Amino acid sequence: MIELDGASQVFHVKGKDLPAVSDVSLSVGAGEVLCLVGESGSGKTTTARLAAGLAAPTSGSVRYQGRDLAEMTRAERRAYRRAVQYIHQDPYASLNPIRSVRSTLSIPLRRHGLARSGAEMQQKVDELLSTVDLSPPESYREKFPHQLSGGQRQRVSVARGLTLSPRLLIADESTSMLDVSIRVSLLNMLTKLRKEEGVGFIYITHDLALAKYFAWEGRTAVMYLGRIVEAGPTPQVINNPQHPYTKALLEAVPEPDPELSRQKKAGGGLLSADIPSLSALPSGCTFHPRCPLAEDRCREIIPVLRTAPGADAQEVACTVVTDPSGAPDGARSAAQADGGAP
Amino acid sequence: MPATTPPPTPSTPLAGAADAAAPGPATPPSEHPVLSAKDLQVAYRTGKDTRVRALRGVSFDLYPETSLALVGESGCGKTTLGLALLRLLPTLGEITGGSITFTGEDGRRRDVTTMSAGQLRRWRWSEAAMVFQGAQNAFNPVLTIGQQMADTLRDHAPGRIGRREILERSGEALRSVRLEPRRVLGSYPHELSGGMKQRALIATGLLLRPRLLVLDEPTTALDILTQRTVIDLLAELREEFRFAMIFISHDLALAAELADRVVTMYAGKVIETGTTQDIFSAPKHPYTSKLINAVPPVRGDLPELASIPGAPPSLATLPPGCAFAPRCELATDACRAEEPELITLTSRPGDMTHAAACLHHEQVHHERKVIARA
Amino acid sequence: MSTDISVPGSPGGPERSATRDAPGVHGDHERTAPQGRRPRASLRHRIYHSFLLRRLLRSVFVIWVVATGVFLMVRLLPGNPVDVYINQQIALYGKSYEQAAAEAQNYFRFDPSTPIWRQYLDYLLGLLRGDMGTSIATPGVTVTEKIAQYLPWTLYSVGLALLISITVGLLLGMIMAYRRGGVIDHAVSIIGSGLHAIPNYLLAILIVVVGAVQLGVIDYTRMRGNVSPGVEPELSFRFLSDIGYHATLPMLTYILTTVGTWALIMKASTTQVLGEDYVTVARARGLKDARIQGNYVGRNALLPLIAQIATQAGFIVGGAIFVEQTFSYEGVGLLLFESINSRDYPTIQGVLLVVTITVVLANLAADLVNAALDPRIRLGEGGAA
Amino acid sequence: MTTTSPPVTDPEAGLPAPSASAGVSPLRRLLSELTRSTAGFIGLLLVLAILAVSLIGPLIMGTSVPGDPARAWEAPSSAHWLGLEGGGKDTLHLLVTGGRTVLMVGFLAAAITTVIAVAIGSLAGYFGGRFDALMLQLTDVVMTIPQIVLLAVVGAFYKLDSPTLLAVIIGTLSWPVLMRSIRAQVLSLKEREFVEAAQLLDVGWVRIVFGEIVPNMASYILINFIIAVTNAIYAMVGLYLLGLAPQRGNNWGIMINDAWTKGAMFNPDAMPYIIAPVTMIVLLQLGLILLTRTLEEILNPRLRDR
Amino acid sequence: APAEPEGGGAGGSGGAFHGAWPYQPAPEGHFNYAAQPYAGVPTVILGDGPYRDLLLPPSALWLWAEEQWEYLIADSHELDAEGGTLTVTLKEGLTWSDGSPLTSQDYLTTFYVQFIQRAPSWGFITGLEAPDDTTVVISFEDPPAVLERYVLKSNILSTAQYGEWADRAKAIVDAGGTMDEGDGEALGTEFQSFAPESLVVSGPYDFDYDTITNTQLTLVRNESGFGADAVTFDQVVIYNGETTEITSLVQSGDVDYATHGFAPASEDPFEAAGYTILRPPVYSGPALYLNQDRYPEFADVRTRKAFAYLIDRATVGQVSLAESGVAVENMVGFSDNFVDQWLTEEVKGKIDPYAQDEEKATSLLEEAGWTKSGDTWKTPEGEDASYEIQFPQTYADWSAAGKNVAEQLTAFGISVTARGLDDKQAPIDIDKGDFEMAIQAWGSSAHPHPHFSFVTDLFVHNIPIAKNQGGKGYGFPLQDVETSAGTVDLEALVTQSGEGLDQEEQKQNVSTVALAFNELLPIIPLFERYGNNPALEGVRVQGFPAEDDPILENAPYADNFVILKMYRGEITPVEG
């Protein structure tokens, strides 16, 4: 349904180029879920914004149902607009404090002519509210955001996203500001939407545990400094991470089990806690300064996504992993290693 | 995880701190608790004569060199408790009852609630330090980190304290949290990243080598990798500096990693307390159990997660009886009639007792339904 | 998470969001923590200096625009000063028109036939040399001389009044914030609002009507003017106390009408800072009260006020036109009023320009002080927010 | 602005708006809060009273004030509570009829200022770019010339034929300050995610700016409107006082000017003629200021005591 | 605390006289007294007021009631109309404050400097001579009636100070040059910027230069000056300020005498504070000007007459100046005070006093084609009558008059709105014809001759002079004027009325113009202003003239009676 093909986004700040997203390709179909993970600053939001059409890529393309966004006609663009919606992180900022729930929901309905009469409007609003588990609708319709809890607000946000019956919802850390228990109910509600209504999802988080839970049936892509460094079906990525960065992320997740967390102490950590600045990217593999596996060649070779030797369904961008033989000019030779099993 | 090639950790303890007597072997738990809260009550004034009872009788003991995690949903009073312990409540908040007893290195016991302003001032930070929830704004934006550390040292020094000594001691503290003193000391807060600020704040907390460190959600605002760095650091520092620690978090997973002991709070009350092992493997309060069930694990099988129905009660209009009753499947009329007290389940020495405030604790069987195998 | 990561794409698309300005001053995001930083001192130096330079250039630009504006405005004003002069001569001395007109020619050396760009060029060149032309109302006296005579009095009275008012106001404000709901808080709030409600010129009138005429407690007649007759300008107690005495009424007016406002602003600002985390942390760190009140609360509470102080300076200089008039205090306000009435165009031009420069300088000073006190500003202009 | 918000579910924490009972219209709520604060109540009363006197008074007493010059400067009496002025006119009558212009100019000028400031400020803030930069430069310049000074010069040289014109000039000269703060507010509001949400819902920029963003500043605009009224009245009365504004008709500013130039203050019988209009203006200003202060306290939770 | 002002308060043995006059201190103000009082460099300190006569006494002052000169530094003068000379003889032994003697040479200096200043006297002077130290002979051509006044009232300057200027002027005069070209123009320009820091005086007082501030200055005795033995005050303190400021000083009893135009409201409190109000005539006042060029209905004499009947002049005067605003009675274009002197009983009999009469006004208007519908009048063109009246805002009395006229006309049904203008701008607008109705001056307070009143009335803001501003003023044509006495050329008549030295002939012309004025009312005089000079008798000063003292007829700005009485030694410090 939505496809990013070699999409890049370069910001210019104070005369410096910041390649926030470089050469990202991904796609999501109806009812599918793609999870983007990565630490802060890795370009997840920027990628999501490209997909949502909130920004145009500086190179590469974004396609909706096969049509490049840049070439769309007005009508197509309208259709696309309605099909892709975004749910923000902050439940306090994402609702207009001066609008009641009803007014928040009815504005897009009216604007797009989806409800003609007042009664129809009422009915639509109530439907939406029940869809997001805000029932009975009467007790929420007239509320203002400040009268709702964070979880409730986030549900209203989702309901607003649903007003135009979208095909794809992009949830950018939409649950990270919520309490654990509320987070779960919201995730469950979104899953229900996906299963029952066939809504596709791009779900963004830096918590792999959440990715695992929400996108178990979908795919997960790990981003680092604007590039996807590993992608594959979620169970594989979580249970059998290939890229050292993915491993580090996994290690970082605290385990709600004292026994597990005590055992976990082993395993490779990162060499440095801080992500490099986008304006001064390391040469070669941008991860090499922090990588426990880094070899000399990593300084020179920019790795590309390849099928991982040990896991067919996963793609990974790491020369050391995809080309363990260690040919100095590995990027080329890595191509030959295609399909090669360990 | 700690970096594989960490900068050299100081091999010597911080010099010069007043109470820097050689860190002896772990004090046996039989000693006096560092901190002992008894029936602590805190209320916030919300109107001319309306109050919110944010803490409704909280008691616990904290023994030297142990760590305790305070967990619970947002608004249950964790921060309030942390602030009350250091008597840092905002003007509208007030300790309305109970006592907080602090035992110093020398064995002197003092009631924090009755200390004078001057005593409090000297006591704070030198004996009990706190790392705040909003670490991002914990530093004065117009002073460098170095200046702020120096302020702390100066105001706690018995006499004048030299520039060299200040530099040395703050440098050491920063190195202990893996920050490069030369860079950080002269930086303004806005020039540091969130993780660096958090670490600098922890370093500041360690400056005077307090016996007690209270950390209020020290990692909530941090990126996952940074959070990991901080957590690992804390574990190390605890070994090195041997402070007692109260770790406040809504993230149970973090509690599981860092604490010897967990205290679950709900609506201003302690509803369960026990060792980390107790709480995570066999919680005896339905609330704790549900809370754990809402946390997705990253390893192993994929369990089904369930949320707790309903929302926490408003402290202004608490129902009689168990505050959790309206959200609890086990609730009976008895629960709704009277608020249950903590029931000791497993008695252990010191403060390692497992207790839960639930009439139906026997019926709580913690198990996670697996929906997908790893 | 800092909200500055999410840049709303406006309908304009990527172009604008891509060129979005520097991170907010509070950016605690990784990107403001560069890895390979240059040695601190030199970096700071550079940024600071370019900030200074940029700020100076902006001031010069504003002054140039105002100078040009003033030039054009005066040129476009109705009522030709030459006509006025001629008319006066005829009316006062019964001269013939020809006589008067010829005389006017002598006076004004003002040739309306010179092309306007030429006049403008001469004017700008003159300004650069500090030459603002010659007064029409008082031929032979240059505008510079006039302003040199009047401006110091305004700077002195307004400046000192502002200083007193700000000092007292800020102190009161801090006390109010610390003792919210206390007697001082209530009293200053009520009195401050009351005084703030009185426009300064009406307060001046009230002082004269009530204080001088009705109650007779103020010797208004003796207090008029800038100095008493026979008092030489010198650095003596006699002189200083005398000019102090004469400036009392205008200063009283300025102070009374502003001090309450300062107190209230400072109270609000302090109250806000008192709620900041770093103040709680400072208390938790067991810092001494004096240090917290000064370096932690006071300094941060003051920062947002500095720009307002500069703005106020401009406002009071504007108000001087009324107040000086009422008390016959011979400052630029009075000069301006008189020049307006006598259509003394060059002087009006000069006064407008000088007043503007004063305000520009006040703003400049405020910005520099702000930059000195607030390290966050040096990162880049924080915008107008 | 960096807000490191913790996970929150507490519906009461960090609220942007007062948490009064639901369902009541915001205006009624505002009124009830206003009347609950003493200062606000007094302010409201003062403003309403002066409005009533100035708008209804003339209807009862008539707008033209007859005078008997032979009885100039008569002392206050039971027939003429505030005595007579130099033309033998009833001072009280003049006072009652003299408010209209002041109020009209004040409110009209403030309205002009506010409309310009909000329109330009929100558009400049929302769209940024060249227009924004230009407007910033412009305000930079305009703000450095003290408004009163500029007004005095402009007022003296152009025939400010009518109070309306005066209001227009005051209004068009004083928008920059407000425009800047509106712009700043819009800059921060537009970063809020609900704006992006509205963009995603494709509701059009007009609705986004004037339907989503601007209403969020309603209270701020209201407060600034009232402040603009006080400023306009300050400027206007000042100009009247200096004799630089049209001296036709009758209003408090003209009365004060007249009283001052005629030396009314030295005549005990004439005292009401100067004190009365001064009092009216001061009370009006006081009322407006109390109103803004209270509104600020009610509407801006930051100022509320923590 | 204030430094004790050195001028005020205590006073020496001879006490101090406290007067008031607006001036500008240095650097704006200066002491270039050249060509006073008939021309001059503006902003000369005290130069435009009566106090200058204490510093640089003129030859004589005019007694308006007695119609004769009272000599100061002159001993006598003689006008030889046949020979075309005016001879002034000086008193003996006069000296300047720099020690040099005051001689006829100084007269020459003075008049040559007047040439630089284009003083009107040079329209007639053809030669200047100083046969000996005390005699000056001035030759002239076609002298106006007032040449004598020009000469005798000139403040004489010291050659030591102005000699060089005079020499340069003389060179131009001798070469037949003018001030409008070449050397003359250069000299004029140079002279404007001549701002000496002090003045060489010949009178009884000199400035105390060190104590001049923006609020007051002090004149101290010049022992060697003329009249030094006659004047009795050791000091004359002059407070600086316009009416508003001086009002407060009078109120507080700080001023003994002031000539400002005080608001009527101030009079009661002044009297309460112990002042007597002296009311010398000012011989002029405000008149209603109608733009006859723009509005045909105003060009119709019937309309103007109707207005004259309509307006209650007494009320206008009362409102504006209380007792000091006296309704004009004769409506002849000059002061009622001159009427007896200049018009015969017969002529007076022909004067229409325009006593207020609404009926007459109504019928005149209707005759002129005005119609009344309901309460409002329509112009002959059938439009609703609605005008604007402009007046100089800064003159309290005139603006009061303007507002009152507007009210009266509006009450009558002709809507008039009042508009205050800058006092410098108002006359220009009139000259340019840029007005509807206006309040401007009638009469002249500087010269007692009706000629000057007529000039103000008929020339200044009318076609002859307004043309210089490119307009027609109020647009009343002066040639071929139809009167009941036949067609006359008013412009010529007015000019002739001031020419020659034959009073009888002048009276003839004056009568003709006066009657024409009365009949045609080119402008409508409203009231005559009398001074309301507060005088504080018996506190510091005694000897102010009594109410019936004829000297009170002296115009206070021209031949001030207080100055005269100081020279006479009649106004003295209070004893004790």
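All chains are identified by letter, namely A, B, C, D and E, in their written order; residue positions are counted from 1 within each chain.
As a convention for this text, a residue touches a chain if its C-beta (ideal position, glycine included) is under 8 Å from a C-beta of that chain, and two chains touch if they have at least 3 such contacts.
Quick caveat: nothing in here was measured; it's all calculated off a predicted structure.
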Can you name the chains that touch chain C as well as chain E?
-> D
Per-chain CA centroid nearest to the all-protein CA mean | C
What chain lies farthest away from chain A once each centre is taken as the mean of the Cα atoms?
-> E
Gap in Å, rounded to a whole number, between the CA centres of chain E and chain D | 47
Could you grab the centroid distance between chain A and chain E? Build each centroid from C-alpha atoms only and quote it in angstrom.
-> 92
Counting in whole Å, what is the centre-to-centre distance of chain B and chain C, each centre being its mean C-alpha position?
-> 51
Which chain A residues touch at least two other chains?
-> 40-41, 54, 88-90, 93, 149, 151, 176, 179, 182, 274-275
Each of the following residues of chain C touches two or more other chains, namely 1, 3, 6, 8-9, 26-30, 33, 79, 180, 208, 213, 275, 341
Per-residue overlap in chain B, given as positions that touch at least 2 other chains = 73-74, 90-91, 134, 136-137, 193, 196, 221, 250, 311
Footprint of chain B on chain A - complex, ascending = 39-41, 149, 151, 179-185, 187-188, 206-210, 212-213, 216, 235, 238-239, 248-261, 264-265, 267-275, 292
Residues of chain E defined as touching chain D within the complex = 243-244, 247-248, 251, 262-266, 268-270, 315, 318-319, 322, 393-394, 396, 399-400, 403-404, 407, 417-420, 422
What does chain D use to touch chain E in their complex?
-> 67, 69-70, 72-73, 86-88, 156, 161, 243, 246-249, 260-264, 266-270
Please give the residue numbers of chain A that touch chain D in the complex, ascending.
-> 52, 54, 78, 81-82, 84-86, 88-98, 107-108, 111-112, 142-144, 146-152, 157, 160-161, 163-164, 176-179, 182
Residue set of chain C touching chain E in the complex reads 79, 83-84, 86-88, 90-95, 97-99, 101-103, 105-107, 109, 135, 137-141, 145-146, 149, 208, 212-213, 220-232, 238-239, 241-242, 245-246, 328, 330, 341-343
